[in-house]
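Two complexes come next, and they have one chain in common, chain A, joined by chain B in the first and chain C in the second.
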Partner chain A sequence: MSEPTQLFNVQIDGVWHQFKKGTRVIEACAQAGKFVPHYCYHPKLSSPGNCRMCLIEMGMPKLGPDRKPEIGADGKPVINWIPRAQISCAQDVAEGMGIRTDSPMVKECRNGVMEFLLINHPLDCPICDQAGECQLQEYSVEFGTAGSRFLEDKVKKPKRVELGPRVTLDDERCILCSRCIRFMREIAHDDVLGFVSRGSHTYLTAHPNRLLDSNYSLNTVDICPVGALTSTDFRFKMRVWFLKETKSICTSCATGCNTIIGTRQNQIFRQTPRENDAVNSAWMCDYGRLNFHSVNSTDRLKTPRVREGQGLVDTTWNKALVKSGEELKQFSKDEIAVIASGKMTNEELWLAKDLVASIGTSRHDIIPRTGEADDILMSTDRNPNILGAQLIGLTGEKPGLGLEDIAEGVRSGAIKAIVALGEDLTQFGLTADELRKLASLIVMDILPNDTTRSATVLLPSSAFSEKRGSMINIKGRLQRLNRATQPPGLARDDWEIIRDLIQQLTGSDGIYLIEDVFKQMAESISEMNALSLSRIGDKGVQLVEETEEAPAAV
Partner chain B sequence: MASTTRTAHPREKRIIFKNIDRPGWTNDIGCYLGDGGYEDLKKALAMNPQDIVNEVKASGLRGRGGAGFPCGVKWGFIKPGGSKPVYLICNADESEPGTFKDRYIIHQDPHQLLEGMIISCFAVNARLAYIYIRGEFPLGAKILERALAEARERGFLGKNILGSGFDLEIYVFRGAGAYICGEETGLIESMEGKRPYPRIKPPYFPAVLGLYMSPTIVNNVETLCHVKHIVRMGGAEYSKVGTRVLCVSGDVQRQGYCEFEVGGITMGELIYDVCGGLKPGRTLKAVIPGGSSAKVLSAKDRYKIKKKQPDGSMAENEIGLEDVAIDFDTLAAVGSMAGSGGVIVMDDSRDMVWALNNINEFYAHESCGQCTPCREGSLWMKKITERMLHGGGVLQDSDTLKRVADNIAGRTICAFGEACAWPTQSFIAKFRDEFVATAKTEGNGNGSTNH
Partner chain C sequence: MPYIVARPKLNFSEKAYLPAIFSGLGITLRHFLDILSGKKKVTMQYPEEKWDAKLPAHYRGAPTLVTDEYGRERCVACQLCEFICPPRAITIHPGEIPLENRWRKVEKFPQEFEIDMIRCIYCGLCEEVCPEQAIFLRKDYAITGLTRKEMVHDKKKLYEMGGVMTGLVNKWNDKK
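Take a look at the complex of A and B:
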């Protein structure tokens, strides 16, 4: 391990560079600023070398009679060029290697491959979901020709094939690069896709009597370089060039896969994984990816409400907040419990902790949320910020340990008021009837449930895509959410709501920027010292030692 | 097959085909042993394996499957003392159009193959070997199974063969019927239970990362048979008198197999002396000398050949097709190849568009579809020649055909790219007029709606 990394001298388009041993030729070219077009190659998958788009000219040092490289006038090895074009995706650099990415031969190869890929490809770009992010389109511009010499009929293949519940296939668009097959075999460990028939009639299909129903199936859509594999959820919904892209993270489990949220006119249309080798490689699960439709729901809570008799009536923020303060002030500290959520950001949790302190209660916890891990990405813990909740102190080593006590307190009447921050209290055994007996139930949430219906004050808040803030994933990595959409109606950012609740109780001046919330938090939590929201960056910061084995795909 | 049964021409030298159609010969082990069978194995087992490799190197034996790669060099790629087992695979996926020699060996002289294989396995230290036989040879597979059982029974296979301490098992593996399985890495993939997609080289050279990622030698049926005779006569002697089997088909009076010393006969002698000449009133138009993928040679062309003179100097001779000697180097020098030994003769009655379309149909059907140029190009070429054949030719077709072929050759994972491009390249180059003549219209040159 102590050996220094071996460096190789490699000539690319006449310029000598140095690359680490083990660097793929295609990656070396990219590092040297010489992008080599490719379809089948994907850095996270094996290299089949089948598309032939990355053909380059390659040479090795010319050996003299003494079997040692001949040295040229420039003091560098003389290169013996291989007359046959070579693929750059399956070979590593070697000492003295020569590469040409812009020679006439290379250009001819690229033109030829582009022509071959296009002759049987349907020209349905106007209605193709991939249009705008299609590598066939992109390279056509660079390496294709305006006209066609192809006078024949195109090959007919299956269309609108439901490969599985979430992926639709158009075999005529498929360029047979096999990325999806390799992904399912090598990453998802579900070798369900394959090619049948042969030659130009080859087409992609699922194994007989099998479906592409893996929880990772939609990654095949991401890596499909053309419009062959489309997301059944997304297809025909929006032209991709209209989508605003916001970097964020998935909040469906504690892995915290890095994402791009695609929105238009304040509506989410899709989520796609964003590469981060410390977290999710280039992938995410279908469950997390599609877990955004509730954000777009028409049922979203949009207006603050207060209880009047049996019902809840709309009110203003000011009245709702004042009423919250008044209600809470009626009770002694331990008559009040605070239920926070592992889905909250660190900033929200930090303020929730402040709220707990303002109330003075010792009764607080979060609701644990677990499921089966899959050894790929999905974590046992489905709360995205369980580590944050522990670090900040809203819960202990065993989240949810205090819940039974709180439920018992409600039933016995010892607890008279609950502040529920983004959680439905029926999840830990309380019934709607029991909740209705509380003298005060201040609920902050985004969608209606038994708890919101039982509230005395209802405070509409923001979904994951509507807020900024940070979370700590299960591996101890501090990551950032960014706002992709605005909350609906009068709904507000959660941290502001909690801040205002604290103001009502303490009369203190609040904080006006989320940056300042983070600053306050970072000053008292040693792990976050010297950090700020902007310093977290797009790929996060490793905050604490990893607490769990890295998922298999990463 | 009766029509191809023939007595040897006086100039033939039958070593590999000595027993083919031999009166009284049967393919059982008794007959083989009665004729001195497995004696060469006994000799080989007493030798140092490396010495056998050296003899094969000295013999200059070149592969008979098509590529003509020196067998000894191939064996030399196996590094002794590796941690993984070495496999030897006999490539009996004979499917190059115009080629029908291996089938005779398998059907009529299977023990010659087994003896050659066992010796070869001993030489490269393979303890497990396979005969990959194409799915269309069910009878051949049966015969080989029986021959293997006979050999096992007599102690030529199994543990401690003939007391030598050498263990070997050979199994028959039946292909499912695809030309690409004859490509050695496609064959290996097929044996591993996958689609026979040829592997990329580097890194998957069979001698390093072959069957089950272990060092593997893949040799053609005829090639392995030659090994037995090299052991008998020694590499040096064989290098002078070694033979190759030719399969003649097409427009000659008597089609069929024959065997000559390598380079011991010219194309004209083969056609006129051995095969009884052309059909009455016909003249020679073209010959495909090494299986359908070899470039066609035109009878009209003159070929420049450099030949070593008795005084050691090189002199350039201009010769016609009929004077081309049938050996690896001469056929390469005239722009084609000895390939698989399948000599396809065409007389002046042949329509070259028809002939090329026939070949293109085959390659479009057999392209495995793995890599882009061959997958798309082979079908495109077939569609063009088919259209030309049916009266839809346009002026630019010949150019398009050539350019499509140029965009395949040298750009693919395996040699199928060349195999399917060379016929088109050579037919267009040699018989362009015939292709242009099919053009009825100028066509719509831009075809812009048909990208």
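Take a look at the complex of A and C:
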């Protein structure tokens, strides 16, 4: 089997440490608590060593005439320092290596590199979207000089270039670190970016007749250390220092990429990936990233409504819930069907299961949602919590098998009432006219569609960014959603609505905390036994064995 | 550190204290007669009369936005004033300057710029923080309105009050 890992003794700033063979010097410094500034180095990408920001002083053991390291008075090898500074990002540690990260030479090198990088950099921080999270700004404060000695005119390069449908490029701001080029080549496998021209006139561009239109293009914006690549969607919308950041997960497919939702004044401005090596490395797809605009929509359902004659009229929560209960109690248990959603959290699904049990019906399922997978992150399954729905038992091995039966039942009149939780029923072959014929259609949703328009009771609920709860991704990892914004108008948390529906049917006491819902669920589901909502943590917990060949994430 | 205050030694007339009272009454009487006879004026008939001409150069009145000698609005919607504003009186909605505009190089401009003058405390931090020399506290101090909405100065009103400022740094002008 594998040999025991070889450890190297390395001296960093006078202190000896041990590192595994193959550790890059910059990583070794980070592990030893010594920060080395860098632009082109990215832990998930290859190291070209072209920004020169990570220069350090390096040395190897001094060899005596017998080709053995000379041992100093302290019993450690004497180090022969290399007279020139070396880059630390493209070099692995070696036995007896010496590193200085804060010697006068290193400081002077950093200062010089900063001066070179800033020679042609425009001073347009007030209009640059990167301002506030710009490494050039940060290092300029820490390692740069206050004034400029550059008297000539700065080089002019293309500005405001539409590099692709979602990315805008400002070449004057680019410091030629090539992170974006390497990302597109190594991670997105779509080698469209490159440098052209020479010397100070070098600039970044896309291949002729090609656009940066990959579904992963916005990751280049995240890793750009300066404001050269900016998101066309987020551009000039809000300064980053105003954004409140909430850790959450993406709900656009079953991969469940970890995200940070940036909000201000109850509005979502952007979503960015959050590093989690067990799920999405440091990336996420553009589709999932930009899939939040419906949450900000002005069309959102804000008030509970009930059918009166041909139209729906606004009402109070209490009246809407009482009416739902009355409607459902009119029918025998097999005249009612419950359609849940793979977009619901485990807690909501658990309560939905309870609702199904309270009604006593055997007709329940979720609507399958599939799309094309790529071999990077995106999963075939677009329901973010399909595994949760299966584990809790709202759907079987093959989701959606019961739907045809329900549709047939609606057409033949055997089903007289449907409870639709967050799904548009026209997606599995029912028409709006057929839905209208139902004696009772209780719909919980966030945006208007054919089903909400046909509802007898309409209950406005919350979007993914507005609720707390857990989901299980396709690799069987239990992850947590956190609340970033408040639901609009009178809209309420989904789990509270389902709980109230159960209360209307059974008259039992409710449950008042989402934590208690999880606790109740964890007691019944063996896989979750020792867990609580807070114990899931920011990076999730592996719950069940992987069921599908995981996407080849990175 | 405690120290002892030396008390002045009073002479007899000071100790008697009546002479001081009468001399004080005399001063009052003199001022009274001066005002009565119109020889001296102490009340300013605001708002018919105003002090405006004597306001010092550093006087901090209402914050306003200014344009430069080319008619360009100097504000680039960097939102630093919105950030620094202690009572959070400023709201900016940034926008993008269209490509056909002469100042397309600036790229960014405020679509809306609102200062809530009910909130404003005239501290002048917005002027101090502005990297574009776009916001200045002018000498308007009588900011009134009949509704709350009227007290929110929008972009149009702010430029009306601010007017043109010449002789500032013109960093966006093309050099060649």
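General remarks:
Just so it is clear, the second predicted complex is superposed on the first by the 551 of 554 C-alpha atoms of A that agree within 3 Å, B and C clash if a C-alpha of one lies under 4 Å from a C-alpha of the other, contacts with A are read in each partner's own complex, and residues count from 1 in each chain.
Simple rule for what comes next: a contact is a pair of C-beta atoms (placed from the backbone, for glycine too) under 8 Å apart; a residue touches a chain by one contact, two chains touch by 3 or more.
Since this is a predicted model, take the numbers as computed values, not measurements.
Superposition of the two structures on chain A leaves chain B and chain C fitting side by side, clash-free. In the overlay built on the shared chain, the residue A:Phe150 is in contact with chain B alone; chain C does not reach it. The vertex angle at chain A, taken between the C-alpha centres of chain B and chain C once both structures are aligned on chain A, is 90 degrees to the nearest 10. The partner of chain A that touches more of its residues, comparing chain B with chain C, is B. Contact with chain C, but none with chain B, is seen for A:Cys125 once the two complexes are overlaid on the shared chain. In the superposed model, A:Arg160 makes contact with chain C only, not with chain B. Of the two partner chains, neither chain B nor chain C is touched by A:Gly510.
In the superposition on chain A, A:Phe242 makes contact with chain C only, while chain B stays out of contact range. After superposing the two complexes on chain A, the shortest C-alpha to C-alpha distance between chain B and chain C comes to 9 Å. In the superposition on chain A, the residues of chain A contacting both chain B and chain C are 123, 153.
If you check the complex, the residues on chain A that touch chain C are 123, 125-127, 131, 153, 159-160, 235-239, 241-242. The part of chain A that touches chain B in the complex is made up of residues 47-53, 55, 84-85, 87, 90-91, 108-109, 112-113, 115-121, 123, 146-155, 175-176, 194-195, 197-202. Residues of chain C that touch chain A in their complex: 76-80, 82-83, 94-96, 99, 104-108, 131-132, 171, 175-176.
Listed in rising order, the residues of chain B touching chain A in the complex are 178, 195, 197, 200, 202-203, 364-373, 375-380, 383-384, 387, 394, 396, 400, 403, 406-407, 410-413, 443-451.
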